[in-house]
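Going in written order, the chains are labelled A, B, C, D, E and F, and every chain counts its residues from 1.
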């Protein structure tokens, strides 16, 4: 566990939180944040595509089905829980469903780094799972809101097809999927040309990004109270549950222990790049304090600090017992 | 009337391209846009995670101004972080804007 | 008076957060801020080494406008690069700003 | 007259430094500049490949305002993407601008 | 040819075009574009200077003369063709002449990458050719407009000397020439200090830049019709012609096949960084739709996708036949 | 000395000066400058922390005391000299004291690069000296102004405690100290994860930063006259004096020759990131033309071009004679 907590990435995240609590004037320029996001998405995509080109279809189809199944069902029970137990209104429940069904590319990268630092192998095609799991849940979340809202009078809503188109053409899936394809097509020659930029310094860039994430998470900490104890509990317990399901399914379909853990991490992670952007436009009635705070200030730090080592232990249990 | 007004719209940046399209559709001959941050009833909007604002300025006739404001009110004002205001201005070549 | 004014403050960027806090404390319901460069009596301010400016715009009642200007004059005007000006504007929902 | 006006010039960014130099030469005691994008008769200007716009604001006396506008019209208006407009403003210390 | 088209750079360019056609919200922040430009110019310059320091004057003087000769004559016949055949007015013909006489640093880099991936050697001093060829053509283009415009009444024109000064002091030639000198002076020690930033990740950065170039080119595609079939044909045939001339001259003065091909690529490429910036100020009457569309949306993609392998074949022919 | 002057960093600084003298349109976007600053501070901090983790307390405590002693006394005599000999008013004298007592992270990095290129070893914990020396002098400078100003009527001054808090939470010390701790805690595993970003390309990034520094220094050159001959002489002689004191003290407490020289460089360098930011807010009456011009346009270029080789020679003398 120390390995995970004392990694430069996690420490940078903590430093970011501290910086924002002591009201530091440290601020990443907008365009640096945007550039880091572009870099991370490209780097994850192209490496994944390269690895995918080394895999066979037989290896990939089962994990893909499971991944899509996960991200389509998680929003359903999340929405139900939010409505019934959390007493949230429709837009907020739907937004939370979208966020927890979708995935976090940064948590995913932290999981890869965690496994690499422990020298645990995992399937190279995992980034394609990430790419597949990003969008469906967001669409389902938004549809849930549409279905459950008695005709909003006077309000011209964006048609769902349009939302789907915008999500697919949206920055994050376009870069992820686009560079997955590029990495797939470019072969070893291509990979050698770009890996000095997109692979070698990757963890350093991730460290930078997590510093910025910490800055924002720190500001959101004061919003925690608004969400209340329920959101806090949910933001920790549900990811654990999802991780367990993901690991168990991974084990069932024969993934390596590393691969199954990473599938669990994907299931457990909540989106805070693609989903908030989509919800701001398609679910403006939902309050960002809820979904952003729980995704970024509860689930994300929990996952990268305590979740990763925990899921790793759970995976060890599952793989040794059986 | 041919009185020209500078109409300023400050709104969530995600709305920028729709608003720009729509005001041109309603008679604006051009617009000027820039990134701003801000605070209002919907809280602080000063970072890319939670979203920032766009400021769209357009010089339009009084008629178009009213029409655009009416449209914005119906479509956006209740659901999005957004304000709009206007005041008369003098321009160099009136025809440029009509 | 309920006449609304657009008050614009252009000041050294290092002062941004204090000014924003203070105008909200003196009745402004919101503000919009952006980075600008400029030239004035204190010379050119167009790079991060020597500092740039922030432009803070707020729509306020005539009363608040006067109060804010009074405060700025006492606290900042003699010691910092700064200007402020205002003019009346029409808004869509007056209550948003009062 | 000593009435102060806020004169706003929106022009191709490549012209920024010339315009700034010239308005100071014609009586402006300062100016504030920022990067903006926009659309007008010369098409969309919103990226560095095709060029963006600069917005230059200066508070000047009515006289200087007229003089500057005259100059801009002769030198730039027919050949470059550019608009200019002005309106009266109240300032805190009039002498700062004269 | 596949090697060229399936390189990550070309694929990224295509992805950029797709992104802009599907109206993706992917946008590079302005300052990222500017930073990438600064990086590329410095990297090309400093590497070129380092390589130049390993060359002798005897090797360099002939290619330099040819390079300058090329970029001074290309604008002349381009202008003539645009006026007589294309029926363009003076400013537009002059602007097109300036663009096609000048050179594209990114096309140049793609050409180097192409040769490296095929392990074809070329002269190390080629970047100094790039630096020499950038400005003269732009000046000639602007002069052509001045000469052929009957005194513009009332319009105060920037004096040509001033234009020349601004071009030389302009970002792109200042960085290219400046870092050429720095790379030349800094020696091996200096090169070892900076090559991990300016050399190792270069092709990755180029990939990023081409993604952004694709985004812009995609938007310009809809302007293609304005230019019409003439501009389209010109934007492909003239580069081929210029490449042939460049390769032939390179062969004539004894360059290696790689060097000659790269000289051909320089001749064939059209500027879209320095030239548009200069024309916007000095030839405001020229319509960017013409020069930017043809340089960026026709000639550039043609060159990096089909041109490079084509010129390579042409070079093989010339070098084997003779 | 040539090694120092012909390094890409120094040459890039000179190119920046030339660019601004010829009124080039080369301009670094604000966010690139900010990103470079963030990068440099993180890189210096994390590498220093990593090296510090390899040192023992016994090695570190004496140099630390000397470092703090230096940066607390330098502002005192600088203030005195500025008031008595320079005839500056209180705020300007205090601001200059703050700047020269504090340190320059970039000069420091240039000193490390200088020693590395000559293969001269130095103590790895030197970056912690840098971190310690940054803030005290600024606080002392501001206090000097407060003490020596007869109650400013009507002016509400920021309390000194608040200034201290803001300085500690300020970007530059937060990143330096924060990443010093992170580098210390992250161990070899952590260092290996991030060094490809924060170590390998460091000198290249420094080159970029110095290009930008040159652009600003070039603009400030015209302000030199305002400062007059006194400021010019002071900006060169005092750094030499401080360097000598630093080297002698370093020798006295048993630092290696490299370490002592670097301590001298720290003493001699003047801050131009943290100190100007603090003085603009806390000493607005001080004129940036004085402190920024002397720190950035006199002392900084002198130090990296002539100072480094000079201090090296002085250190050789001290270490050989004794």
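Brief remarks on what is shown
Definition applied: contacts are C-beta pairs under 8 Å (C-beta built on N, C-alpha and C of every residue); 3 or more make two chains touch, one makes a residue touch a chain.
Everything quoted here is computed from the prediction, not taken from an experiment.
Contacts with chain A and chain B are shared by no chain at all. Between D-E and B-D, more C-beta contact pairs join the chains of B-D. Among the remaining chains, D is positioned farthest from chain A, on the basis of C-alpha centroids. With centres defined by CA atoms alone, the chain at the far end from chain F is B. If you average the Cα atoms of chain A and of chain D, the two centres end up 47 Å apart. Centre-to-centre separation between chain C and chain D, using Cα means, comes to 20 Å.
Chain D and chain F have CA centres that are 40 Å apart. Touching two or more other chains at once are residues 29-31, 34-35, 200-201 of chain F.
Multi-chain contact residues of chain D (touching two or more other chains): 34-35, 87. In this structure, the chains touch in the following pairs: A-B, A-E, A-F, B-C, B-D, C-D, C-F, D-E, E-F.
Taken together, the chain C residues at the contact with chain F in this complex read 12, 14-15, 35, 43, 47-52, 74-75, 79-80. In the complex of the two chains, the chain E residues touching chain A come out as 3, 6-9, 11-12, 15, 18-19, 22-32, 35, 113, 117, 200-201, 203-205, 207-208, 211. Considering their complex, residues 30, 33-34, 154-156, 216, 272, 276-277, 280-281, 284-285, 288-289, 292, 296 of chain A touch chain B. Touching chain B in their complex are the following residues of chain C: 4, 6, 20, 24, 29-34, 59, 87-93, 96. On the side of chain B, the complex with chain C involves touching residues 10, 34-41, 46, 53, 55, 69, 72-73, 77, 83-87.
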